[in-house]
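Both of the next two complexes hold chain A, though its partner changes from chain B to chain C.
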Partner chain A sequence: MWLLRRLGLAVLTLWLVSVLVFLATAALGDPVRAILGRDYDTNVGRREQLEAQLGVGDSIVTRYFDWLGGLLTGDLGTSLANQQPVWGQISDTVVNTLVLVLLAALVMIPLAFGIAMISAHFRRRRPDTVIQTILLALAGVPEFVTGILLVALFSTSVFNIFPAVTLVSPGTRPWDSPEGMVLPVATLVVAVTPYVSRIVRATLLEVLDSDYVELARLKGIPEPVVMRKHALLNAIVPGIQVVALQLAWLAGGVVLVETLFSYPGVGRQLVDSVRNHDVPMVQALSMIIAGVYIVVNLVADVLSILLTPRARTAISS
Partner chain B sequence: MSATASAPAAPSFLRRAMNQKRFAFGFVVTLLVVAFAIFAPFFSPYGEQETAGSPYSKAGLFGTDYLGQDVLSRLMHGGQGVLVISVLATLLGMVLGILIGVVAAYAGGWWDEVLMRFNDVLLAFPQILLALVVLTALQNPSAWVIVVLVGASHAPRVARVARGVALGIVSRDFVVAAEALGEKRSRVILAEVLPNMVGPLLAEAGLRLTYSIGLVAALGFLGFAADPGAANWGQMMNENRLGLATQPWAVLAPVLMIAIFTIATNLMADGLAQISQRGED
Partner chain C sequence: MNRNQRPNPGLSRRQLLRYSGLGVAAVAGSGFLSACGGDDGGGGGGGGGGEQRTGGILIHGATGGGSKDTLDPHQPVQAADIARCCNLYEPLLFWNNNFELEPALAETVEPSQDAKTWTIKMREGVTFHNGKTVTANDAWLSIRRVANPKAPFSAGGQLSQIIDFQSSKVVDDTTLELVLNTPYAILDTLLAEYTLGIIPDGEFDPQNPVGTGAFAFKSFEVGKTSTFTKYADYWGDPAFVDELQIQDFADDNAKVNALQAGQIHTLDNLPYNLVDTIEGAGGGVLVAEGGQWVPFTMRVDQAPFDDVRVRQAFRLIVDRQAMIDQTLSGYGSLGNDLYAPLDTAYADDLPQREQDIDQAKSLLKAAGAEGLQVELFTGDDIGSVAVPAANLFAEQAKQAGVQVKVTKKTPFYDDDYLSYTFAQDFWNTRNYIPQAVVGTFPPEQGGTYNETHWDNEKHRELVSAAAREVDEVKRNDLLHQAQEIEYEEGGLIIWGFRQQVDAYASNVQGLEPSKYLPLGQYKFHKVSV
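Moving on to the complex of A and B:
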């Protein structure tokens, strides 16, 4: 019952998101004027063709439902920039971005938990303070700033280890040349690790100060076991929530990182499409990004309910 | 916000804050960067768009950029735009968010449900996405468009925090008492609820300022700047990216400024958050 309600809410949110995306791209400005620029008044043929493609003559409601219908049946429309179907251009980049985010998550989760455990082990002493200050400083820096600094450090100015951009020849995938993926993944990891690590540390400390951990220590259980068995297991639920939050954040964070490294994913494609005022592409890509965001949050909610016995009984009763 | 009602609490709050190392450091560095952004243009060796040598040469402290303009001078001129837009966007986001959040918490019931559901929808957009979607249909965004976009993307996030803080206050005795005395509801919010939220909201404002700077610089970095010729830290990174290998300072100087600025505001925000948490105990 609770699950159905939560699913219904997710669907409702997704629908409202589609309304917003459509209104923002189709109603706020004049895309045709933006594409043609100075040619708007002179190049009447191209203008009429673009207006026909966007259905400018129809009412905004008709256009919305046409678009929504296409979206639901898998027809995402035709790109304005190169007159190719949107879906054909997007399918590859979606996979590329998923791989990038997945790799970042695989590196980030053990790293964040590891740092949190070290920090909690030295709680409120020197190493803890140093780690926390560094994490806090990193948390504020925008991801593309970190990215540029990493590029300067590892590929242009100081060392020459990794390529500064991901060069992908047609027909190959970015992971065919793994050294090109190191810096994008590293940038994403540096961007999200501080948040996860700080939350996990706070939870660990809370548990380590609790009565039952004190009892476990009094019973003579060695500290590493206390840390692993008692503290870490209790930090998993808040951990899942903050990891999900950060994964959802990555859905937007990839926009800048992919653009910086010319990584062929949805983020860079979105920026290119925005520059070209390619309305159908932007609509499809933003629906994908918002959709991922909603699904990740849904999964995190369900998981943390299932892993918390107290909440499980609360919703089933 | 009602400055008169919060005035007695403000000095002691600031003094407590300055005693905290984290806040004090962040605050001082933030002030330095702000002072640099405001006053540096008067001391710059070259004009904002004045050619100082050949492109990507080593002339001057930081060399020249892709058009041969002096990087140091551009750096000195480029702070104001980022600073003004970020501060205005933060203010807009805070005001909108506080309004939504406090009204939702104070009205409760059906209003609360509808406002917060709609808020959840807006939260499903990563902040940069919201800005990009609107920029699709616009040709050359003016500065206020960027202020509105960044501010609007903050509002739902601020609203959630503001509602959470306000929920703990609206049920307290003094609010109920003010209502019983027949105060107008808008006056209850302004005079009773808001002054008691200053601490957490200041911390939130610091955090939002950090993200505003990042977003404004990011939009410049992506090439969506209000005034293509003007010096702007975000835009400078974009303009000179291709020269990173030959003349790294043209990119690294603005990058470092943004990094220092965001680190400082973030430390400040975290310090404020710790103080306001401790204050409640």
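Moving on to the complex of A and C:
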């Protein structure tokens, strides 16, 4: 029941997003004029073709429902830039981006929790202070700066260990040459880990101060076990939430990283499409990013509920 | 990170014009076209000395590229497309690196006395990548595809209007006779465009593109990578490398990083601010003279510019070298208010106009325009050079007591374009005759982009007479007279021409600067790694 309501809310959100995406792309002005530039008046044939494709002339409501109908039946439309179906062009890049984000998550989650545990263990002593200072500094650096520094350090200026950009040979996937994935993943990890780590540390500290942890200690349970079993499990719920937030951010925020590393993912494609004023592509990509956002949050909510006994009981009753 | 050094690799109108110079007029279905005009002296150095090594894979990092990528020989859009085009396909004639015509798939292209009938003799023994021999019929059908009167491609705008499709004929396997409906003495320049590659039966198959170039098609992924193999039976000098890879780059930093990390061997359109970085890291920088220009346009039919003294005063206000230094980082050559610097007819004997504030002031005084206030329209969609140049002009005009209000429009190219009293525009380089027609003739006579509303019958007659004149000396004399008129009365302020800057890795040999296209016209068969 609860799950159904959550799903309903997710669908509602997605629908609202679709309205927003559509209105936003429609409000950007006349895409035909933007595409044709100074040829608008001279190239009548192309203008009429584009206008027919975009349904210029129909009311905005008609156009919205045409588009929504297509979206629901899996027809994302045709790209204005090259007249190819949108889905065929974005399916590969969506997978590429998901793999990049997942790899980053796989590295980031254990790393962030590990750092948080070490930090909490040494709380307010020298190691903790050092770790917190570094994390704060990293959190303050934008991810593209991190990326540029990593490239300078590991591929161009200092060492020449990893490739600076992801070059994908025809017929292969980016991860077929794993060394090319290292720097993009590392950049994302560095960008996201500080936030997660700091939240988890704060929660851990709160839990470590609580009565039941005190009791566990008094019962003589060794500190590592206290940390793992009693503290971490209870600190995990806020952790999941912040991980979800960060992953959702990554789904859209990889734009800069993908551009920097020439990684063939949705971010780069979105930038390209915006430059092309390729409205159907922009709409499709925005919806996919929004969809990922909503799904990740939904999963996080469900996980949080399952891991919180009190909430679990509340729902089942 | 000077991302704004060269915005929007890919889609901007500027790039479009730059790489398919003829595109605009062609699409418009009017206007004479051909490409490029010129300037003397190519700069830069390409590749080291010594014996060139054979074998290996050459990886080129191309600027731009994206979902619009195409392999079509006749409608390339971005730098990546042009690089592919130049290696797969070849036209009947080549522009060489010094912007002079050379035989290619045709051995000779000769006009009749009246310049109405042109005889094209094909080179014998040239084969397509599929093994078929190239015939005059292939050339004719390719020209017909490009010059289809209903929908001409970029190289075919002018051709579609002057070719008499009924009377032109394939005489035999090696002879094609093009009959024109009007004398046109520079038809050969139209046939030398890289966008007029010869393909079998004039049919383009996107799945299996076939041409005569030094590299044959292997694979193509839109917006990502394309690969080509050395064509063993190439009629010219065969390629040094076994395989060519062209990699699209949407971002300048990524491109330059890839070169520094040794992942690519060459890249086109290096941002000026990264020249030192590349040279410091041991790479090579290739600088070539070019002919792209961003003029100020003054409407000669509206006050205050309907007074020729005001126009000349404005031309004297500009500090041309400062424009080049500040908006092109010094990578430019001086302009003299004349276009087509690469054309042999370019009037380089006219005195170089320089900033002369006193003279400008007295001209303005004589015209009763002291303390003049004007609005200058500019916009980012003209190109990255435009807005800085406009602001700099406003600064320079202050010295002459002229107040210039710079108005940045988004977009610049809207319904007001071609109506602005004082504005800017972007042009790729082309030879004088086609440029004069498209830019200075009335719209109904082919002047699709006549920003200044220039309407000078004497000038027009000189240009038209030149287009009919087969003798080059006489033709250039007519064009010289035409240029003098524009030099004295025209509505364009042409302060400079942009140079082309590309880069290559230290192990790359064989690159030569070309005035025609970036990276030695992308002729990768001359390059070894």
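What we mean here is this: the second predicted complex is superposed on the first by the 314 of 317 C-alpha atoms of A that agree within 3 Å, B and C clash if a C-alpha of one lies under 4 Å from a C-alpha of the other, contacts with A are read in each partner's own complex, and residues count from 1 in each chain.
The criterion applied here is as follows: contacts are C-beta pairs under 8 Å (C-beta built on N, C-alpha and C of every residue); 3 or more make two chains touch, one makes a residue touch a chain.
Since we're looking at a predicted model, the values are computed, not measured.
**Student:** Should chain B and chain C be called a clash or a fit once both complexes are overlaid on chain A?
**Tutor:** clash
**Student:** Now for A:Val271: first (chain B), second (chain C), both, or neither, which partner does it touch?
**Tutor:** Both: A:Val271 reaches chain B and chain C.
**Student:** On the A-aligned overlay, A:Trp87 touches which partner chain: chain B = first, chain C = second, or both, or neither?
**Tutor:** neither
**Student:** So, does A:Trp2 touch the first partner chain B, the second partner chain C, both, or neither?
**Tutor:** In the superposed model, A:Trp2 contacts neither chain B nor chain C.
**Student:** Which partner chains sit in contact with A:Val17 here, chain B, chain C, both or neither? Use first/second/both/neither.
**Tutor:** So A:Val17 only meets chain B here.
**Student:** Contact-wise, after the overlay, does A:Thr259 reach chain B, chain C, both or neither (first, second, both, neither)?
**Tutor:** both
**Student:** So, A:Tyr64: does it touch chain B (first), chain C (second), both, or neither?
**Tutor:** So A:Tyr64 meets neither chain B nor chain C here.
**Student:** In the superposed arrangement, which partner chain does A:Leu149 touch: chain B (first), chain C (second), both, or neither?
**Tutor:** So A:Leu149 only meets chain B here.
**Student:** Please tell me which partner, chain B or chain C, touches more residues of chain A.
**Tutor:** B
**Student:** For A:Ser79, decide between first (touching chain B), second (touching chain C), both and neither.
**Tutor:** Touch status of A:Ser79: second partner only.
**Student:** Which one of 42-50, 132-140, 168-176 or 276-284 is the stretch of chain C that crashes into chain B?
**Tutor:** The overlap with chain B comes from chain C residues 276-284.
**Student:** For chain A, give the residues common to its interface with chain B and its interface with chain C.
**Tutor:** In the superposed arrangement, which is not itself an observed complex, chain A uses residues 33-34, 37, 148, 151, 156-157, 164, 259, 271, 273, 275, 277-278 for both chain B and chain C.
**Student:** Can you list the chain B residues touching chain A in their complex?
**Tutor:** Of all residues in chain B, those touching chain A are 22, 117-118, 120-122, 124-130, 132-139, 210, 213-215, 217-218, 221-224, 237, 244-245, 248, 251-252, 255, 258-259, 262-263, 265-267, 270.
**Student:** For a test of understanding, state which residues of chain C touch chain A in their complex under the given definition.
**Tutor:** Contact set of chain C toward chain A: 1, 8, 10-11, 13, 16, 24, 27-29, 59, 66-70, 151, 218-227, 245, 247, 249-251, 253-255, 257-258, 260-264, 281, 381, 411, 413-415, 417, 448-449.
**Student:** Flag every residue of chain A that touches chain B in the complex, lowest number first.
**Tutor:** That would be residues 9, 12-14, 16-17, 20-21, 24-26, 28-31, 33-34, 37, 133, 136-137, 139-142, 144-145, 148-149, 151-152, 156-157, 164, 248-249, 251-253, 255-256, 259, 270-271, 273-275, 277-279, 282, 286, 289-290, 293-294, 297 of chain A.
**Student:** Taking the complex as given, what residues does chain A use to touch chain C?
**Tutor:** Interface residues on chain A, with respect to chain C: 33-34, 37-43, 45-46, 79, 81-82, 84, 89, 148, 151, 155-157, 160, 163-165, 167-171, 259-262, 264, 268-269, 271-273, 275-278, 281.
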